[in-house]
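Dumping the structure here so I can ask a few things about it.
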Amino acid sequence: MKKLFLCTCNGTLNKLLDFTKIGKEVKALYDVVEVVDNLCLEEGLTKLEKGLSEDDRLAIGACSSQIIGVPMKQRIKNDLVTFVPLREQVGWVHVEEKESATNKAIVLLSDASVQLDHMESPTEFTESVVDRVLVMGGGIAGLKAASDLHRLGVEVTLLEPSGQNNERYLQTSVFMSDTDTLINELQAIQKTLKKVERFEGTFGEVTGQTGSYDVTLNGVNGNEKIREYGAIIVASGNQQYLPRSAKKMRHGKSERVVTLDSLMSRLKKKRAKESSTILVAVDFDAPMFSVEGSHLLRSTRNLATRGYTIIVVHSDIRTEDENLYREARDSGVIFIRGKVTRIRENEKGLTCRIENTLESMEREVIADLVAIPQMVGPVNETALLADKLGVDCDNNGFIRTRYSKMKPVQTSRRGIFVAGGAKMPMSLSDAMASAQNAVLEAFKVVRSPLTRSGWIPVIDDEQCDVCKACLEACPNDALRLMDDRIVHVPAHCEFCGICVSACPTRAIEFQSHRKESWFARFEAVATTHRRLEGKKPFSFVFACSECANASIDQAGFAGKQYGTGSYVIQFPCAGMVSPIEILKGLVVGAEHVIVAHCPPGGCHHQTGDHLSELVVSFTRDMLREIGQDPERVQATYMIAAMPEKMQKEVPVRG
Amino acid sequence: MNIDSLNTSRFLRNDFKPRLARCELIAVTPTSISSDLEFRNWILKQPEGETLLRCYQCGRCTSACPIAEIDHSFNPRLFLEKVILADESLAENQLIWTCLTCEQCEVRCPEHVKIPQILILAKVRGLVSGNTPETALDRARSILSQGRTIQVSEPMLKTRDKMGLPSLGNPPVKQLAKALKELGLAEKLENIKSIYGGDGDE
Amino acid sequence: MDKRERLIQKLRNIAVQTPTAILEVPEKVEGFGSIKYRPEPCSVCKKCIEACEVEALDIDFTVQLPAYLDATIPEGGFRSKNRETLISLLQTLKGEGDVQAISVPTGLAGYGSVVWFTEKCIACNKCVEACPEDCLDLEKQYDLPTIIGDVVTPPSISITEWEPFIICFVCWECSHAAADLAGLMHLHYPANIRTVRVPCSGAVEPIQIMTAMENGVDGVLVTGCLLSECHYGGDDPLAGNFMQQDFVHFWQSVFEEIGLGGRLHIDFASAAMGIRFTEIVTEFVERIKKIGPSPLRGKLEVES
Amino acid sequence: MGDTVVVVGAGLAGIQVSHQLADLGLKVHLVEKEATVGGLSAHLGKVFPTDDCALCLDACEELFSGHHRRCQYRSLLGNQKKLNLHTLTEIKSIKQDGGRFSVSLKTTPRYVMLDRCVVCLECINVCDVEVPDEMNLGRVMRKAIYRSIPQGVPLAPVIDMNSCTKCTKCVDVCKVGAIDLEQRSKTRTIKADAVVLATGVEERSPSILPGYAYGLCKDVLTQRELARLLDSTGATNGKVLTASGKQVESVTMILCAGSRDLNAIDYCSQACCTYSLKHAIMLREQGVGVTICYMDLRVPLHSHSFLERARESDVTFVRGKPDHVIVHEGSPVTIVEDTEALKRLEIESDLVVLASPLVPHAAEKEVFNSFLGDYGFAARHDAPKGIYACGTATGPTDIPASVAEANAVALEVYMALKGGA
C-alpha cells in the first residue's frame, strides 16, 4: 500500500497550505492519505504506526527529513519511505504566495508518489574483519600507535625501516621536543612494546579492502611476509631537509657553515671557549612551521646559555609556546628580522651581510660559524609508499587527509590512516595525539564485523563494456577491476552514485534511483505543474543531499522567502547528476536547471563538487552548440552557513 | 643521516613571499656589528638594562610616543634595535636627548622593557663624547658646586617659607665633590664640551 | 619506424602527382582499408584501442555532436543506453544553427570519441571484432589522398639517350624456368630488364616494388606461374599468384593516382612458355618506351 | 569498571569526544551551559581550514555508518542512543568518590519542553516583547522567546525570563502544550566513571585594554563580532555595516590585541592569525579594503592557503603593534608604526577589528579550579586520574587540533574504562 501522511506541524502549516486541496489532488496517487497534527510527537507516531504493515510504502509530507527522519526511523521498520519537506521548503518560504505554495506541495507530493513506485529496499552487507593492524612506523608516532593498539588487545605488526634503534628514533625526532622529554617518552613506550611483533623491512604491496587488506612485507634479509590486516596506520615520519638558501649561505663550500642540528650535536654540553659568534640564517623564503620555530628557539636558547653569541636572522617567528621565544631572548639571543644576503669567508671568519628590515639598512657581522636550521618534511619514501597504498599526497609531499577540519587521520582510502609527521610536522604531544587518533579509527574498523546498509550501485555485467569510466570516477575506491569485470566493494562504498553518472552504457544503476525513475519523476513534476500552474515557468534544483539540501532547509529555518516554481530534487551527491538528467529536465519543460553542490573542495564524497561543475560546463557547451541558451543550466554551491546564497540564486532563475 | 645527499628540491614552500620589497635601504655601505657587542653588553650590565633583552620590536613604543607623533625621526623602537645590535652611534645621536622621559612607552611595552632607562643609559654613554646639551652639563656642574641641579635663590626660599614648606637644608656638597673627584668625574665634567655648542638654553 | 610507415614513406617518395581518388581495395588484398567509426553508439570503452596492435586508434576527448544530432536510433536502441538517451535528448532540444564537435572537460570520465590514424592501420579488423557496440567497420577503401597528401612534382629533365631500366621479379618455379627456356631457345628480348628471383610471385612485397621505383627504375614487372598453377596453393583462390594479381591491380591503381600509371605490370608464364615470357618482356619494354623515363629520375638527379 | 562519562561543554571538541565515546559503546552525558550546542564555533559562520560551515560535524556511527560528516542539526545529537545531551545545564560540583565521580548538574529552565516542541515557531511569531539580540551585537531585535542560532541544536526555542512578560500568548498558541512558564530549575547527580572537560574558550573582553577604544567607539569590534556581521544568518545577512548602518569600505585589523603581552595575556592564542586572514579574505570579496597590523603571522600548514589568498587579494600588511585607536569624527583611527618602513601611520578606517586573546571559560568556575593549571587551562596529561580535558580547554587551538585532541582523549577514556592493560 502506498500511504501519505501529511503533518500540519501543530496546526500551523494549514494556515499556509490548503490541505483540503492537496488531499483532493493527490488522492488518486496514494491508497491512503492522512493529515496528522504532530507527526513527530508520540501521538503522531502512534497514528502513523496504526495499521502499518512492513511493506507499506510511505510518503511523509512534513518538516525536513533531517528532523522528522530520526524519530521516524527509530520507530518504524519500513524501508520504503520518502520525505517531502513541506515546512522548510514550501510553507515557511512561500508565505506570500499561498496558492502557488499549495500547488508546489502537490507537485512535490506527486513526485514523491513516483519516487515510491521506483523505490527498492536497501541492500545490507556484513563483512568479516581481521583483528590485526599494520603500523608502518618511522618514528615516535608509530611506536605510540603500536603500543596503544597492543594495549587494546589488537594484534599489531610494527614495520620499521632497517637499522632502527633508540638512537635513530631520537635523531629523527629531535625537532619535536626537548631531548629529555623525548628520551623519557621513548623509553616509556618501548617498554610496552616488548610483546609486539616488530618487523624490519619495507612495505611491498597491498590488495583488498578495509577490514581485510592483504599486505606483502619485504624483510631486510630477503624474507617476505604476506599477512592480512584489518587496517593500516602509516606513520612514516619526517626527515630534515636543507632549505634552498643553504647553498647561497655557502653550505657545503665552507667548513664554517653547518646545519644547526649538527652544530648542536658537535657542541654537546660544551661551554663556549671564548665569545664565539654564531649566525643562524633562517631561509627567508620558506616560512617556518611552528615545530621548526620551536626547535630553532630551543636550540638557540641552549647555545646562548652556554655562552655563545647567537644572532638569528629570520622572518616570522612561529611557535606554539610564546615562552620559548621569551626564554630565547632572555638568554641573550639576538633576533634580526631580515635576510642574509651575502657571506664571504676570510681567515677571520665569515663576513655576513644582513638586510635588516626593522632598521631599513644593511648590517655586516663577522661570525665564526653560520648555522642553518633545517626544514622538516616527509621522509623521501612517503611518495612511493602513498603510491603503493593508493592514498593521495599533498603538494608538499605529505599524506593528504580526507577532510582537514574534522577527520585528522583518514587518508583518501578507507581503512588506511596516517599518524604523526607523515601528515605534517608535529610537536611531540601533537604526534602522540595523532597516533591515538589513528589507533581509535583503526580500532573502530577491526573491533567488529562491518555492517552496512544502503542503496548501492548494481552492476549489470552483460551491459558493461569494462570501459573503466566508473573506476576513474569513484572517489572511494569502491569499484575494482577483477577478472575483467567491474566489482563493487561495499565496504568502501559511500552510496554517492558518482559511478552511475560516469557510465556510458547504463551498466551501473543505483538502487531506487534508476534512470527511468528520474525521468518519471521529472515528468510527473512537469505535468502536475502544468496542470496546476499552467504556463508559469518552473525550474529544477538538483541538490546534493549534504550541504546543498541543508542550505535549502536553512533558508527555511531562517525564514528567507523566495518564489515558487523551483522544484528541489535531491540527489545523494551532486556528482551523480549527469548531462542526461539535466537535459531531461530541460526537455520536460524546465526553464532552468541548477545543480547545487557542496562548497569547492568540501564535497562529503571528495569529488562531487568538482565533478558536477565539470558536468554542467560540459552540458552548457553542448547546449551552446545545439543552439540553446547555456545560461539555462547552472552549477552553484550552497552551504548551510550561507542560506541567503540559496535564496538569491534560486528564485532569480525560477 | 647525511642531509647533504637528500633531495631538497621536492620539499619546497615557495607559496609564501615575505615582504622585503618595501625596505628602502638607507645606508649604502653596510654598518658592521661589533663582534664584542660592547655597547649592548654594557647596557645589559647597568641597572634595569637587562630588560632590553625582552624587546621583540613590536613598535608599540613608537606609536605610543608623544614625541614621535610630532617628530617622525624620533623612534624609540629603532633606538632599541640599535642598542640590541650594539650600535654605539646611538649614543652620539642628538635625538635621544629629545626624550621627555614621560614613560608612556614603558607603560605600554608588552614585554616590560624599561625604555626610558635604557635611553638614559645611552645618554650616559654619550656624555663622554660630548653628546649632551649644555644645560644638562650645567645641571651636573651645579651638583658639583651646590649639590643640587637647580640653583636655589632667595625669593624661592621666601616663597617656600610663606607656603609653610619645610626648610631645604644643606646638601653635603663637600662629600659629593670629594666622591665625584675620586671617581674622576669632576675632572671630566670640567673638560666636556657639548657638541651642541651655543649657550645650551633650550 | 615500422614496416607500414616505411611503405607509406616510400609511397610519398615516389609520388609525382597529388592523388585525388579514394581507391577500392580488391577483395583479396588485405592490410589496406579504412575504418569507419560511428561515434554515436560508442561508449569509449577503449576496447578497440586495446585490441589494436599498431596504435592506429586513440581516444579523442571530443564529443562528435554533429554525428549525434544526425544519428538515427535503431529500433532496439544502442547498446550504450545512456548515450542513446543523451542523443535523443539532444535531438529533441536541437535549435537553430550549425553544430560542431566540443571537447570534454579534463577529468570527466565516460565521454569522448575514437580517432583512427589511416597511415598506421593495417586493416587487421581486430578493432572491429573487439567493439561491443558495433561502431567500427572495416571498409575496402583506401584513402590515398589523405595518406599521400600534397605532392610537389619533381623537376623534369631532358634525357637524350635513354633506354628503359626495368626490374622483373620472376618466381622461382615457372617464370624463372620460362626465362631459362627463352635463353635455351635463343630467343631475343630487350636487354632492359634485370630479373630478381623470388620464391613465388606472391612473395613480392609492395615495399620491394616501391624501393625499386624509388631508385629510379622505369617499370616493375612481376611474373609468376600460370593462374591456378601456383606451386604454393595451386588453384586455391588464395594461392600466391592469385593474391599477387589482386595486389598488383591495387598497386596499379595506386600508381595511376600518384602519376606512375602503367609502370607496374603482372603477367604469367609456365615453365614451358619461353616464347610467352619473351613476349611479356618485349611488350612491357615497348610500353615503357612509349611512356618515357620515370619522372623520379629528375628527382634523383636533383638529389645527387 | 563502569562506562559512564560526563563531558562538560558541547563545543566542537565536546561533541566530537561524545560521539566517539558513544560509538565505542560508552554512556555519555554531554553537558552544555548554553541553550544550544556548538560553543564558540557556532558564532563563526564559516570556519577554516576548509572554509565551510562551522556546523559541520563528524557523524556518529549510528547514522549511516559514520561515513559522513553532517550538520549539527542533522546529526543524531540528542537522539543518539548512548548520548544524553543536557543543555542549559551547569556543573555544580564534581566529587571524587572512590574510583568514581559524582557530578551534580543544575539545569536552568528552558520553559519549552524539548520532548513536546515540534519547532513550528508560532510562539516566536506571537511574542510581543522585543529586546536587542546580544548574539548579533544588539544590532537586531529578538523576542523574549527566541532561538539565538537558527540551526542550533536542540532546535526548540528558549524563553528569556528577564524580558518575558508572562503574557501567556505563546502558551496559548502552542497546541502541543510544549511551553511551561512555571518550569523550575532541576538538579540531578550523575555517577560517572570519567569526566572530560571540554569547556572551551571565549574572547577576552577588549574593554580591559582601554587604548583600543573598544566600548568607546561602536565601530571597534572583536573578530567574533565581525564574524557575526559576516555570517549570512547574522544581523546584516553577511553585509558588513558600521554601527550607523553605513557600508564599510575599509577595515583595520589589530592582531595580538592583548595577547603576547605581559600587561594582558602573555601567551599566543594560535588561532587568531588564521581567522583574521579568513575574515580579511571574506571582506576583500565584498570589496572592502583591509589592513592587518601584525607582529608575526602564525599560520599553521593546513591553513597556509589563507595567507596566500590574503596576499593575492591585496590585503595590506603592516608589521607593527598598534598602540592605540583614537576616535576621529566618529571613525576609529589606528596609530601604528610600520616597523618595516620606519613610518608612524595613522590609519583611518570604518572599522577596527581586534583579535582579542582567547581565554578559558572554565577559569571563573570554582568547580574546576582544582583541575586547572597555568592561565586557567587544563592539562590533558597531568589531570588527576579520571579527569580529562580536550579542545581549547587545554589551551587555545584551531578546530583541527581540537578535534584531534578530542579523539585522543576519547581513546584514553576508553582505554582507562574498558580495556588496555
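Just so it is clear, A, B, C and D label the chains in written order, and each chain counts residues from 1 on its own.
Throughout what follows, a contact is a pair of C-beta atoms (placed from the backbone, for glycine too) under 8 Å apart; a residue touches a chain by one contact, two chains touch by 3 or more.
Model, not experiment: these values are computed from the prediction.
K.L.:
Which chain is the middle one, judged by CA centres?
P.N.:
A
K.L.:
So the centre of each chain is just the mean of its C-alpha atoms; given that, what is the distance between chain B and chain C in Å?
P.N.:
Distance between chain centres: 97 Å.
K.L.:
How many angstrom lie between the CA centroids of chain A and chain D, rounded to a whole number?
P.N.:
Measuring from centre to centre gives 23 Å for this pair.
K.L.:
Need the CA-centroid distance for the pair chain C / chain D, whole Å please.
P.N.:
It comes to 78 Å between the two C-alpha centres.
K.L.:
So the centre of each chain is just the mean of its C-alpha atoms; given that, what is the distance between chain A and chain B in Å?
P.N.:
57
K.L.:
Any chance you could list the residues of chain D touching two or more other chains?
P.N.:
Answer for chain D, listing residues that touch two or more other chains: 260, 304, 319, 339-342.
K.L.:
Using the touch rule from the top of the page, what residues of chain B touch 2 or more other chains?
P.N.:
Where chain B meets two or more other chains at a single residue, that happens at 16-17, 23-24, 56-57, 77-78, 111.
K.L.:
List, in ascending order, every residue of chain A touching at least 2 other chains.
P.N.:
287, 316, 326, 337, 357-360, 396
K.L.:
Going by the touch rule stated at the top, which chains touch which?
P.N.:
Result for touching pairs of chains: A-B, A-C, A-D, B-D.
K.L.:
Can you tell me which positions in chain A touch chain C when the two form their complex?
P.N.:
That would be residues 463, 465-470, 472-473, 501-506, 515, 578-580, 583-584, 586-587, 610-611, 614-615, 617-618, 621-623, 625-628 of chain A.
K.L.:
Contact residues on chain B for chain D in the complex?
P.N.:
Of all residues in chain B, those touching chain D are 15-17, 19, 22-24, 56-64, 68-69, 72, 75, 77-78, 108, 110-112.
K.L.:
If we count contacts the way the header does, which residues on chain A are in touch with chain B in the complex?
P.N.:
Residue positions touching the partner: 171-172, 239-244, 246, 252, 259, 275, 277, 284-287, 309, 311, 315-316, 325-326, 329-330, 332, 334-339, 353-366, 374-375, 377-378, 380, 383, 396-397.
K.L.:
Quick one: which bits of chain D touch chain B in the complex? Just the residue numbers, please.
P.N.:
211, 256, 260-264, 295, 304-305, 307-308, 311, 317, 319-324, 335-344
K.L.:
With touch defined as at the start, can you tell me which chain D residues reach chain A in the complex?
P.N.:
Those residues of chain D that touch chain A are 16, 20, 23-24, 45-58, 61, 64-71, 73-74, 76, 79, 115-116, 118-122, 150-151, 155, 174-176, 231-233, 237-238, 260, 266-268, 270, 296-302, 304, 319, 339-342, 380-381, 399-401, 403-405, 407-408, 410-412, 414-415, 419-421.
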